[in-house]
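First chain A sits with chain B, and in the next complex the same chain sits with chain C.
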Partner chain A sequence: MRTRNKILLFTTPWIVYLLVFWFYPICYSFYLSLTEYHLLTGASQFIGFDNYSKLFGDPVFITALKNTFIFVFGTIPVTTILALVLALFIAEKIPGHRIFQAAYFIPSITAMVVVALIFYNLYSRDGYIFTLCRMVGLSPPVNGFLQSESTALLSIMAMDIWVAIGYYVLIFLAGIKSIPVELYDAARVDGAGFIRRSLNVTIPLLKSTFAFVIVLNTIRSFQVFVEIFVMTSGRPFNSTLTAVYFIFDKGIARGDIGYASAAAYLLFMIILIFSLIQFRLTGVRRNS
Partner chain B sequence: MSNSLSKWLLFAFLVVILFSTLFPMIYMIVLSFQNPGSFSVDLSNLSFTIKNYMTVFKSNNFGRYFFNSIFVAVVVTVGNMLLCAMVGYGLSRGPNKITWPIFLTAVAMLMIPLHVLILPIFQMMLKLGWFDTYMALIAPWLVSPLGVFLMKQYIDGLPVDLEDAARIDGAGEVSIFFKIVMPLCKPALAVLAVQIFLTTWNSFLFPKILTNSSEMYTLPVGLALMQDPRSSDWPVTMAGSTVAALPVIIFFLIFQKRITEGITAGAVKQ
Partner chain C sequence: MRILCSAVLVFLACSGGNKSDNVIRFWQFWSDMNTKPVIEQIAAEFEAENPGVKIEITDLTWANGHDKLVISFAANDPPDIMELGSDWVAEFSSNGLLAELESDLPENYLYPAVWENKLYGLPWLLDSRLLYFNLDLLEKAGAEFPSSWAELESACEKINRLDADLFGFGCNSAEKHRLYKKYLPFLWSNGGRILNDEGNESELDSREAIEALEYYLGLCDCGVIESQRRLEEYFREGKIGFVISGGWLLRRLRANPPEFKYRLATFITPRGDTGRSFFGGEYIAVHSKSDKIDLARKFAEFLTTKVNSQRLCDAAGFGFPPYLDLEISDPQKAIQARQLSYSMAAPPTPLWNDIEMDIEDALEAALYDHGTPEEIFKKMSETITEKLRSAGHANKK
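== the complex of A and B ==
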């Protein structure tokens, strides 16, 4: 017993980290959200929930929130379905499946800054995607996809789906691998083809993988930032302004720390609620 | 018959996706070798010059960004390997009643969106005087919830007998950890190292907000700020991007198995 208690000392680094870099910031951030605090003047004043009520009346914040929701609910279903389909295909042991799996994953290990720069070029006027659209008879916005209010956010969403798919393919494949082979053999004996096998055996058994993929992707997508910073800075006309970019712009760039903290906390609550709802819906219980 | 036809269709479909996945990466590399000042790759007039790579390293303090990225990623990775292994060992072998709630805090932190930490950590670094120093880039990330989670799970699966035998021989707890536990953890440490290195190398948000001088930028921050849509020299930007991305891709192709394990470690543990 004494050794066990001695071994407990090994957990000190985490306890310190938890308190200093997680617990304290999370609490401090809540406190900041209740103050009027500017970085430049340094003056701080407790104002209760005023920042929160101000946020709900701030059309720019509402726009940022709306864009974030469009981003989250626009990308997640597409990413999830495409990743699932690709994973099911790859799991069929098509010749070269290892190469496909590896290649699909490359975008998600590449720095988002790099991806955003490449797509910035491709989406520009006379860039490759722009020209391709012309060639097939579409009329892309004259100044490029990222310069038009109607296409900027959609273009960034499309890029994000492209980036994310490989990562989720990998997670679905891991889920598929954990399904006992006997179940497939039984289905094969019954003469079930690829589609019936997928619908009746694989997909129902991937329930917890689905939950994981959707919750993870929700948490990530709500925090979309780098793409916006590199490609548009929220322009044109705030059409690509997202919640985290709003927090960055208000808090870091303009120094309105109190107000930005309230926005950060509100977004935190929204993400938390969505994750909990998703866990409920997918029926996953926490396991020991 | 129809079966093999559908297999071919499937194969063709996967190839199309493969092409669209790799195209932007290839485009980046090819554009980085085009004449300075080009906007995109002109297939009828391809050129091959390494001038852009020289430009990128000469201007913009790029060598410094590169060094910063490597230095920060290596220190953070080594820190995580050592500290997360320690914590994992403590959580796995300590008294269960106390370690279980501590372990749950790590799991909970895995789910916390990082953006809530932006402003308080920014503030904290200003107050500590660590803003725009290596401390800001390194200190907050030396222990990660993911690492704690991975190492605890792995050490749970290791036999206790060796440690007990060493204890009977009179070995101290610290030397048991370094001489017996750490060497057995090699596979998990490799997974963790690869994962942490990649995340740190590619990270943008925190290095961006915690630095403001060109001496302290990491590659992604330097790259993002180098880009000015109106006046940028695309082949130079792409040369910089290639320098940031290619090592990671090669690294991935070599350590593919470990990276895959790291990514899926959290996913299949249900």
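== the complex of A and C ==
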């Protein structure tokens, strides 16, 4: 077999997969976003950009976007900083560091549905967190954390930080391991302690890792769905409604696929813009 | 290139799916260890009576079963036969997706499955919602067993004042497909309606509807807001004075008897007569374009015979077969049967799924104080009427 045929043979499955399951749905959903499409019967009517203009005037979509931004900007700094601090400690090879490393990673490999169900119980009126708050003299929301508009989203964000942190610890650890040991040796010779070494050697050299973690975390946070689906369905009163749950609700539960596709494209544009801004701000270029 | 083409052909040959001539795909909601074996047994008996036929059962959940069915129709790959909630039939039948069926069962049992005078679903198991009272809490609070709306609210307040961890009423949080079923009994018991006779206008802005909402909110004020599952847990733990639930709660209470005395009761009107409740039921429907439509119809009739419906109800521990000549000796079951006979179904309109979500959104807004009950329901009512009119649908019985 000629080399050209071999290349074709081995790449075809992936190319077919990419075209059928990625490229075609992406293109088709853009077409759908320009139509009024009835999911149950498949009847559709071309309406141009009406779905997009309707979205900008939809208070529920605006609320969903607002909640998504709160989720993104509320979780990313906390997750990133905590993950970095934990990675720095683990990299110091403190006693039992491997156990810590595994322990932090366990929530990340546990199915989100399972984690969400456990936290649903923890946050309820007779859950441990509620009881603990009352024991220390705090006044938790009377019907539990997830039934209150002021605490529901914050509670899900706290859970999400706990879940995500282990994964980013691992990425930071990989970044730290790639820093040449000689730099640390030189810093030690100059009398730098743990904090000085971290601030002057480790963190500056983790620039590209930071960018990677932040972009990855941003994309993941913008797409938050499972937690919302399992724990609150966007309630109470849309206080936990996020953009992806809005898309699911409009598209699948209410059968308005055209409108949901338009919302999905807007979300895609937002994520794209944020990712480009982040790469620019963190100074990471394609060749670095 | 020849190798490539061969590989593609082999792949296509292997991916023919399971749409063979003798396989009937059946999607249903009974997946627990009590009911699933009974469903499988009934399917096996049908297979034995019809040699060569194979029933392929797929389990759905109430949380996302509707969405999966919608997606299967959208993907042009629905099951041949499916179990539907009573208020879903019109949505599918009005779009020509269900096959016409025949039955000589009582008209009120068939009502939710009728569209333009044709029947599209066979009732399989019927159930209703009713009230479960904790008699010990009533006694502790010094309240009589309520016989009117005013007494019910007063009992609720008294129980709620007993202790910070005791609640008068179990109020549902905004759960899909559940919250509206808790409000509707109060609406109907107060003489209100969801839609007018023509089915093209909402009547949820009526005085009766708003009064019922205000009353429901009053009960919630002296209760706890939680999901249905947790409310039932609280009730079984003796923390709630009264809760609204279906026959499954009685099964659980009997399986693990609580330490307190409880009593089932029908809904009441404001003055104390027997009130209306939500008519819930499981219906069996057949896909109109199934290539095994005759076999699927035959299996639908087999599933819903009196004997097989009774077997399902026995295994589930609740519900009634859709037959009038049932002998009910159990007093608590008799209360359930009485409530069922006083129950009403949601109007069979193709827009019901949308209307249901609008009602639940409005109830949630009222529950979380985002306006007065009157403002919220008037706005919701206008939205529903607009949708009905723009869709040009009427409630065709």
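Basically, the second predicted complex is superposed on the first by the 279 of 288 C-alpha atoms of A that agree within 3 Å, B and C clash if a C-alpha of one lies under 4 Å from a C-alpha of the other, contacts with A are read in each partner's own complex, and residues count from 1 in each chain.
In this section, a residue touches a chain if its C-beta (ideal position, glycine included) is under 8 Å from a C-beta of that chain, and two chains touch if they have at least 3 such contacts.
Remember, predicted model here, so these are calculated numbers, not experimental data.
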Chain A as common anchor, with chain B and chain C clashing or fitting: clash
First (chain B), second (chain C), both or neither touched by A:Arg235: second
First, second, both or neither for A:Trp22, with chain B first and chain C second: first
Touched partner set for A:Leu9, first chain B, second chain C, both or neither: both
First (chain B), second (chain C), both or neither touched by A:Phe49: neither
Dominant contact partner of chain A by residue count, chain C or chain B: B
Which superposed partner A:Ile171 touches (first chain B, second chain C, both, neither): first
Partner chain(s) touched by A:Ile90 [first = chain B, second = chain C, both, neither]: first
Touched partner set for A:Ile247, first chain B, second chain C, both or neither: first
Residues on chain A lying within both footprints (that of chain B and that of chain C): 1, 5, 8-9, 12, 124, 126, 252, 257
Chain C-touching residues of chain A, taken from the complex the two chains share: 1, 5, 8-9, 12, 39-42, 124-126, 142-144, 147, 149, 233, 235-237, 252-255, 257
For the chain C and chain A complex, residues of the former touching the latter: 1, 3-4, 7, 66-67, 70-71, 73-74, 76, 91-92, 95-97, 173-176, 224-226, 230, 234, 353-354, 357, 364-365, 367-368, 370
Complex contacts: residues of chain B adjacent to chain A: 6-7, 10-11, 13-14, 17-18, 20-22, 24-25, 27-28, 31, 39-41, 83, 86-87, 89-91, 93-95, 98-99, 102, 105-106, 109, 111-124, 140, 142-143, 148, 167, 173, 177, 198, 201-202, 204-205, 208-209, 219-221, 223-224, 227, 229, 234, 237-238, 241, 244-245, 248-249, 252-253, 256, 259-260, 263-264, 266-270
Residue ranges of chain A in contact with chain B within the complex: 1, 3-15, 17-18, 21-22, 24-26, 28-29, 32, 86, 89-90, 92, 94-96, 99-100, 102-107, 109-122, 124, 126-128, 162, 166-167, 170-171, 174-175, 178, 194, 208-209, 212-213, 215, 219, 222-223, 225-226, 229-230, 244, 247-248, 251-252, 257, 260-261, 264-265, 267-268, 271, 275, 284, 287
